[in-house]
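Below are structures written as structure tokens.
Each of the two complexes below includes chain A, the first together with chain B, the second together with chain C.
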Partner chain A sequence: MTGSTIVDEWYPVGMVSGLEPETATSTVLMGEELSLMKETDSSITVRRGTEERPALVRFGHVWTSLGSPDHPLFSIPEADNAERRLVDCGCVRVKCSPLRAVENFLDIAHFPFIHTGILGVEDHPEVKKYDVEVDEKLNEIWAKKVEFYQPQAAASAQGGIITKYMYRVATPTVSILYKTCPVRKGEWDIITLFVQPVAEDVCDVWPWMALYDDDTPLTDLIHFQQMIFLQDRSILENQIPRLLPLDPKLEIPTRADLTSIAYRRWLKRRHYTYGAQTVAA
Partner chain B sequence: MPTTSNDPCLWVPAYLSDLLMPGEVVQTYVDRNDVALWRAHSGKVNAWSNRCPHRGMRLSHGFVRGDMLACIYHGWHYGSDGGCKYIPAHPDLEPPSTICTDGFECIEQDGLIWISPESSADKPDALPTRHAVRSMTFWVSKQFLTDALVKYGSSYLAMGGSSAIILGTFGVSLTLADRTKLTIAVQEISPQETFLHVLSDVSLSAEKKTGISRNLDRLRERIESEDQAQ
Partner chain C sequence: MTMRLYDYILSGNAYKARLILAFLDVKHESTAVDFHPGKEHKSPAFLAINPAGTLPVLVDGDHILTDSAAILVYVALNHDPAKTWFPVEQPTFCAQIVSWLAFAEQLTTSIGVARLHDMLGRDADIQNARATGHQALRRLDSHLVEQEFKGSRYLVGKTPTIADIACFPYTALAGDGGISLMAYPAVNRWLISIRSLDGFIEMPGIHALHGSDTAPDLPWQSGGSERE
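== the complex of A and B ==
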């Protein structure tokens, strides 16, 4: 698993529900033009020119690779639970490195300043100690025991709660968040960030959710997530440099950034440099 | 000696003093460096490299609290010496002195905020003007703008006066028909974009400012259309 290279990774390239039957949809993955097609038998094919690429349909999205993946797509066992509501949230185009987008998703310390009054408030900015580990078997990063005060943790939340989080980085451009479900005690809501690298400094972000929430109208759920990601975009398009620096001397982290530190080290160790700045500019 | 866009200027006229209010932060450029320029509530002006040392966020998107500038991303607060004073995620932590913004030399003189990319001993040359008229953007290079100002700035701006335009390292100066002195300080933003800051020696009536402003707009139309014709 540790040998996977950049091209041999799986990447999201579109929402299944967005494809019209027998109509080609074009998209760009790491500078390569691809064409997605829902065939007459409803199977989905991905082509680069006339050449067929591997295609998987999972978690509401189409996944492909420019190389030859030697590993299956990551799994989210909870997503198969029929009681959960699966929500496609659409796409947000961001002019930043795909890695900066993932790192921002792993960050909670910005909630009081960027998602003010929703995911955080300035009176409760503290990030308590939490645990981060690399699961060597799956080659994934896990951050656990993350806690934060949130005035409106989700579209379904009534008032402020201490929200518990677990973050998982499944591939360099995929992160999965498990967060306290406001309406079902003891359960985790799942919010994912599937990032499609369009170029080293442009990405399409496909958020997707698997929630326990039968009441909130679909448009409200989507608007909530779109609002959050548009707030994040104002940050992501104003970070200098646009690529994620892997040299630890270039940006100074603090204790709250343990997940980000682990993420940068993990990228460096697996030589994942697409969207990264490896030497000082 | 005329300055050219290839020569780094020692002092760059970056903003009209009167237009940067206490508690305000703006983005500007000095020798192609992205700069966050801000005024503390005490009145002190600071110019810093426009990136937070934490995660590279542009500090010009931040907010001023008292005499500190806070980054909008995580609220890290920086004092006038550039040092980080407060990290909200860890309210009890005293930030190490190594967390520090990159500062530029910055002074206020003659109604302008001047920034230098190098630490220099000499102040900018004194100018006879200190009252803000306006700032504006010209979509041409600094060299093209400066040459054009010398060539026919006087015929557009002197309002019947016969005074010639005088070229200095900061930009140009001229005298209007009624003997009002004007300074036009020129600041390079990018190879295609130049800021121009206009000041007068006496405080002008609103009517007079509007008149000068209209002439500047006409001058801009001419200079930008000439640039496109090339």
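== the complex of A and C ==
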């Protein structure tokens, strides 16, 4: 089922603050049952049966692999800034391909229709021209100069603003969003989507944030993110086909879908097919 | 003193409270409770307010209401001068409404449980939750067909009541728990009728109607709408 590019990748499998100490927690990664055990917040072991798997603790989450990653976990240097608030949002299960969850996160055009009155309004549906490139050195996708009118861009936003975005795809199931910080000029808020592939058409999604916002209660920050993501969930579960089509014959994209096109091509080039449909049905 | 709602954005029961407060435009304040992932509703501070550890909770001065049906009745009786949402002057309707408030509990323990299982990974007998959910939906659908024949789009009488609010959230959220509403056409028409009411607010998983959407004509009507 899985090529080396798939098994040798890092995946999120749990939230550190959600694990009870000295208590085994089981989870599923690509059909394989794993057991997580926390000794301390920085020392967590991951086992498949009796076999220990590689384990990292970063960005509030536990990362592991079913294979042997030959690369370190991606970095988010901004997350180390002590002035940022790091927000664990918990896990939401979605019956969709893990790749569909990432692709939806990269899409701006749906904001006015799915996140009406918050991330977009129906009177301002236009997605302006933006740039997408593959960073060959990091093997990541970057979309830059994305701009969109948003009535309530974040929990901390007071009224509508033109929000600037940068999107980054760090691994096939991890996307990181940099967006205009409403309360600190010139800084980016960071919102990530860490996607744990449970099966090809089921995923556990762990949103996580690193924000400049000293005023909004933590619970309100979490609920803002949950509200947005749960608005997407019902849409994601109804997308057809369930798997993400990598065959370009199957769908006709528009200019606004530039990041999605780059993502699908990048997956295809890496032979990353878990959760993908490679031949038109 | 302003009423305070202890709220969770993803809770269908909390949404019932938000809906009645919105429909009746009642001034109130809200406190968000970190149900997931923080389990704040089981924290000592919250248990001091509601020992049952459930959401929502409405606090109005000395009164603490910890049951969504009680909140619906309380807000309707105190803030609806037109007396339509809980029509106290029509005892028969009130009795019917109370039985729908009890029925709504069946939706919570079936569809609501399936939803928590599918969405937040809570333990549940998922087959049983879905099966009892379908049973409840069949009952709701047949009743709504009867109501349509009487020219009504709502569960009781001919105008919306707290019975509709009590049954709306978990019905509309059935898809979240892997329960399809495809086999329940009258339920689908009713959902749109509720979503098109003045003052309606959405919740994640229940989308607002968009500009061009309107409540559909009842199947046997052409053109004329008998909403009142």
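Descriptive notes on the structure:
Note that in this section the second predicted complex is superposed on the first by the 274 of 281 C-alpha atoms of A that agree within 3 Å, B and C clash if a C-alpha of one lies under 4 Å from a C-alpha of the other, contacts with A are read in each partner's own complex, and residues count from 1 in each chain.
Convention: a residue touches a chain if its C-beta (ideal position, glycine included) is under 8 Å from a C-beta of that chain, and two chains touch if they have at least 3 such contacts.
Because the structure is predicted, anything quoted here is derived from the model rather than measured.
When the two structures are aligned on the shared chain, A:Pro241 is found in touch with chain B, with no touch to chain C. Using the contact criterion defined above for the overlaid structures, shared-chain residue A:Lys164 touches neither chain B nor chain C, since it reaches no partner. In the superposition on chain A, contact of A:Gly18 is made with chain C only, not with chain B.
In the superposition on chain A, contact of A:Gln226 is made with chain C only, not with chain B. Once the two complexes are overlaid on the shared chain, A:Arg85 sits clear of chain B and of chain C alike.
For chain A, the partner touching the most residues, choosing from chain B and chain C, is C. After overlaying the two complexes on the shared chain, residue contacts for A:Glu122 are found with chain B and with chain C alike.
In the superposition on chain A, A:Arg93 contacts chain C only, with no contact to chain B. With both structures placed on the common chain, the touch criterion links A:Phe113 to chain B and to chain C. After overlaying the two complexes on the shared chain, residue contacts for A:Arg255 are found with chain B alone; chain C is out of touch. Note: residues 113-114, 122, 234, 238 of chain A belong to the chain B contact set and to the chain C contact set alike, using the contact criterion stated above.
Those residues of chain A whose C-beta lies close enough to touch chain B in the complex are 109-110, 112-114, 122, 125-127, 234-235, 238-241, 245, 251-256. Every residue of chain C that touches chain A in the complex is listed here, in rising order: 8-10, 32-34, 36-38, 40, 118-121, 175-176, 178, 204-205, 207-208, 210-211. On chain B, the positions that touch chain A within their shared complex are 34, 50-51, 53-58, 61, 72-75, 87-91, 93, 98-99. Only residues 15, 17-18, 88-93, 95, 113-114, 116-117, 122, 204, 217-220, 222-223, 226-231, 233-234, 237-238 of chain A touch chain C when the two sit together in their complex.
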